[in-house]
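See the structures that follow.
You will see subunit A twice below: alongside subunit B first, and alongside subunit C after that.
Moving on, here comes the complex of A and B:
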C-alpha cells in the first residue's frame, strides 16, 4: 500500500467515512428521534424509524414558557422551564465576565511582558488538571459558611456559581487569547497611542476588534463548561436556581422514567453546543489541539 | 502619558482576573487541604469541626470500598486511554489523505465532546436500556439473549468504557491527524523513494516523528479520564455494587451521601496528587524533548 496508488479516492474509504459518521452522530440522532416520539412509540417493539413525529414532549418540558396551554397536559410542571432560564442566565453571565476579565489579563501579560508565557501555560495546565469533584467540598464550605453578608450566603445564588465558573475558565481563556493578541501588530497600537489614546482606549478600540476569532473560541469554551456542568451546580444551587443538567439527573432517579420528556430536555440542553460546533468547528479544533501540539 | 501611570497599567488590567482566581480557586484549594485534616460534616461550620490530623488519609487505606474504587478508576482510565489511543491513531493513519468530506467528518467528530456529559450519559443509558434500548432490541431480533448492560458488574464497566470510547476517540483522532499532517514532507518523500512499504513508513518514520505529540495527547487524555464523572453517574451511579464507582464519583458521594467532608477532602487530595504526578511527567517530557530537538538543530547547523 504505497501512497502513490492511494492518492485517488477509493470507494472503501468512502464507506469507512460513512460508517464513522454514522457511529459518531447516530446516538445523538437517536436522542432527537426519541424526543419526537410518544410513549407508545418508544415502548412498542416494532417501530424503530417509522413513527409520527410530535412536539408533545417539548410542550411538556416548556409548558410554562409557551403562549398557549398544551392540550395534553393536566398539570404544568414548571421545573424544566425554570431550569432552562437559570442555565441561560448562569452560562451567559459567566461567559461575559470571564471574557471581560480574561481579555484584559491576556493583554497585560502579552504587551507588558509580565510573567512569562511559560507560567501561564503551566497554570492553565494545572487548572485543567483539577477535577470539579475536587472543588466540591471546599466550594460548598466556602459558599455556605464563608462568603456571607448578614447571613445571606452565596450558596444557592446565581452569583456564587458564576464566580466559581469564571475562576474555573479564566486560565484557559487567558491562555488561548494570548496567542491571538501576540499576532496583533504593535505598530497599530503605537499609532493609536500617538493619536492620544490611553491604554484602555487602545485595548477596547484597537485590540479587541482584531481578535474576534479568538473571542469566539474562548466564549464557546466558557459557555460550554458553564452550560454543561453538573456536579457543582447540584451542590450549590437550590430549587429555584437549579440548572438543566441537575433537573435531568433528578428526573432520572424517579421511579418510572418518561424517556420522551427526558430526551426532549436532553435535546434542548444539547442544541447550543451543537449549533456552536457547526458554526465554529475550526475555532473549536484550534482550541482543542493548541494544548497538545504547542505544549 | 507619564511613565509612572504606565507602570500601573498592567496591574490594573491584571487585577480583576487575579482577584477572582485567588478568591474562587486558590482559596478553595487551600481550604480543601485544611479540611482534609478535619472530622467535618456539612451542618457544621469549619471552625466547629475537630482536628484529627492524618486520620482521614490513613483510614482510607484500610477502607476496602475506597481501595476498590481506586482500583476501578485505574482499570477504567488505563483501558479507555489505551483503546482510544490505538483506535484514534489508527484511524488517523488510515484517513491521512486528501479525502473529500474530511472537514465534515472532523466537525461531526467533535459533537460527542461538545454536548453535555450528562446528555452523553443519558443517550447511552437509553441505548443500554434492558427493554427499549437499541442494543438489546437488535440482539433479540437477531435471536440472541439480552445482555445485562448496566446491571451486571462485568458488563457495566464494559458499558461505561464503550461510552467513553465513543465520546473521546475523536479527540485523539483529531490531534494525531493534525500531527500527521504537519510532519516534514521531505522525510516521507525520502522514505518512499527508498522503497519503504506503507507499514515501514508508519513504524519507522511517522510514529517516531509523531511521538512528542502522541505522548502529550496520551497524558492529556489520561488526566481527563480520571476526571470523568457525569457520564458514569447518569449511566450506573457507580453500581451495581461498586463495580463502576470511579474515584470522583466516590468523592461526590462521600461528601453528599455519607456527609463526611473531611474524608472527601482527603480523597480529593489523593486524586489531585495523582494528577499532579501525571502533569509533572508531561512537563518534564516536553522540556526534555524540546531540549533534545534544540540540540539536534544546533548540531545540524554546526555540522
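Moving on, here comes the complex of A and C:
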C-alpha cells in the first residue's frame, strides 16, 4: 500500500465536500420534504424543516388508484395518476420493443453477411446526430395528418409516441448490443447448431443469455430516455395520454400552483427509474462468457 | 458398408480454391484422422462434413444419403470443438443434455443418459458446476460428454486436445482411445499433431494444400510413405533427407551422395534401374540408423556426431554427413564420442527413395 498518499486532509476539502453533497442532494431532499408538507406549511415562512409529515399530497396524486377515498378530497383529479400510468406504459412498452428489435438487428448486423450491411451499421449511428427538436415538426405533421384510420391518427396515442421512442433509441441500442454480441464466441453458436438448434433457438437459448449485461445496460438507457423525454411528449400527446414530465410543467401555472402535489408527483416520478435501474444493473455481471472457450 | 463418403469435394472462398476435389471413404466404425500442417484444409473439410461450411462443389454421403445441402442437425453428427465451446450459462448437466432437450426427449430419459455418460467420463460429481469452475481437462471431458449423450452415428473432433498442456494431452489421448473402443462409432478426428494421429487412428489421411497426399493405416504410412512430404510429416523425429544420385556398376545398384555410398536392395534396384545417374532424394528415419563400427561400407553412413540430446532411454544425435545434417536415434546406454567420425549402419528396408523433381516415392 505504498502508493497511498497518507496525508492529513485540509479542512477546506471537507467543507468543499459538504457543499457538493448539499448541491447534489439538496434539491431532492427539498422536493421530498415539500411533498410531505401541507399547503399551510409550504407557504408559511416559519416552518422550514420542522413540520408534521403527511401523506396527503400522495393521496391526492394517486386518488383514483387508491382503494379508499381520501378524506380531505371533495373531488378526485385524475390528471397526475393518469400521467404516471401513461409514463409507465410508454416507457415500458417502448423499452421492450426497442430491445426486441435491437437485439435481433444487432445480431443480424454482427453475424450475417448481406448487401448493405456496412451502410446500415453506419447509418444507425448517423441517426443519432439528428437532434429530436429537428424531428419535432415533421414528426408532428406525419402523426397528425398521415397514417390515419377513420380520422383516428397516431398523434395523441400511446402507439404514436412509442413508435417515435423506439425509432429514437433503436440506433443506440443496436450499437451497444453489437459490441456485446461480437464477444460471444462463434464456436458456441456452431456447437448449438451441431446440437440441433435452429437459428432462433441459437439466438434465444445461447446468444441472448450471454448478452444479458448488454441488454440490461441498453434497457436502463432506453427506459430513462423514454421516462424523461419532454419535448416530443409535449407536442405529440393529448390530455388523456400525457406523461408525467409534461403534466408537471403544465401545472406550473401563474396562479394556484399546488406545490405539495407537484413535489409528490416529482418524488413518484423518481421511483420507477430507480427500481428499474437497480433490477437491471443486477444483470450486469462481468465475465459472462468465462469458461466458454479455452481456459 | 461405408458410412461416410466424400466425393470430389471442393471448397472455394470467392475465386480462391482451398480444397481441391478430394475423395475419401471412411469405413464403418473406423477412427479416421485427418492430419496435416496448418492451413492444409483439414479443419475446413471437417467443417464441411459437419455442415458449418457450405460445400462449393462435390457431395458428402452419410450412409449413402447426400447431405451437403442439409443443415447440421439433419446430418446426425456430433462434434467436439477445439475450444470446447461449452455454454457458459449452463451447468455441466445442462450442457450435456442441450441437444436432448432440444429434441424434447422425456426428462427421465435425458437424466438417465446424462448420468450414464457422466459416469463413463468421471464427471458425476461435477454435474452442477458451471464451465468456468472446471479445469481444462474437465472442460474437455464435458465437451466430449456433450457429443456422447447424443446417439450420433459419427463423431467429429476438431483438434480437441490442442489447448491442453503436454501431460494432460497424453492422458486425454489415452482416454479418447479408450472411449472410442467403448462406443464403437465412426470417428473423424482432425489434428496437426502426427503423434496423436499415429496413436489414435485406424486410418490416417495426410493432407497438404487442400489435397489428400496419402491415406492408410499408421503403419503403412510410416513404412511406405508415397511422397517426401508424407515421409517427412509422419514420424518423430522426422525423416532425414539426403541428396543423391543412382549409380550402377555391374549388377550392383547404389545411391551415391556427398560422403556416402549405399547399395540398394534388389527390389529397389529394379524400380530405379531404368535410369542411370537419376537424381534422387534419399530418406532415412533416425530410428533406422544404429551405431556399428564394423559395418560394411556399402550399408553404412560415416557421420560426424556434433550434438547428443539425451531424452531418457533414447538419445537423439545430431550429426553431419558431408555438409548435410542428419539425426540419429539410438539407445542412451551406448556412449558415443562427440566430434568424431563414426559408422552408422542403415537397417534393412530403411532406405526410402524419392524423385528429385516430383518428390514421389520410387
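The criterion applied here is as follows: the second predicted complex is superposed on the first by the 235 of 295 C-alpha atoms of A that agree within 3 Å, B and C clash if a C-alpha of one lies under 4 Å from a C-alpha of the other, contacts with A are read in each partner's own complex, and residues count from 1 in each chain.
Following the convention adopted for this analysis, a residue touches a chain if its C-beta (ideal position, glycine included) is under 8 Å from a C-beta of that chain, and two chains touch if they have at least 3 such contacts.
The shown structure was predicted, so the numbers you read here are calculated from the model rather than taken from an experiment.
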Touched partner set for A:156, first subunit B, second subunit C, both or neither: neither
Subunit B versus subunit C as contact partner of A:107, first or second or both or neither: first
First, second, both or neither for A:263, with subunit B first and subunit C second: first
Partner chain(s) touched by A:16 [first = subunit B, second = subunit C, both, neither]: first
First, second, both or neither for A:43, with subunit B first and subunit C second: first
Greater subunit A contact set [subunit C / subunit B]: B
Touched partner set for A:201, first subunit B, second subunit C, both or neither: second
Which superposed partner A:191 touches (first subunit B, second subunit C, both, neither): second
Doubly contacted residues of subunit A, that is, touched by subunit B and again by subunit C: 193, 198, 288-289, 291-293, 295
Parts of subunit B lying in touch with subunit A, wherever the complex brings them together: 1, 6, 9-11, 13-14, 16-18, 20-21, 23-25, 27-29, 31-32, 35, 42, 45-46, 91, 94-95, 97-101, 103-119, 122-127, 131-132, 134, 137, 166, 170-171, 174-175, 178-179, 182, 188, 192, 197-198, 201, 213, 216-217, 220, 223, 226-227, 229-230, 233-234, 247-249, 251-252, 255-256, 261, 264-265, 268, 271-272, 275-276, 278-279, 282-283, 286, 290
Sites on subunit A touched by subunit B in the complex: 1-4, 6-7, 9, 13-14, 16-17, 20-21, 23-25, 27-28, 30-31, 34, 42-43, 45, 48, 100-102, 104-105, 107-109, 111-112, 114, 122, 125-142, 144-145, 163-164, 166-168, 170-171, 174, 193, 198-199, 203, 224, 227-228, 230-231, 235, 245, 248-249, 252, 259, 262-263, 266, 269-270, 273-274, 276-278, 281, 284-285, 288-289, 291-293, 295
Contacting residues of subunit C [partner subunit A, same complex]: 50-52, 71-73, 77-79, 81-89, 98-99, 102-103, 130-136, 139, 146, 150, 163
Residues on subunit A engaged by subunit C in the complex (per definition of touch): 185, 187-188, 190-198, 201, 205-206, 209-210, 287-295
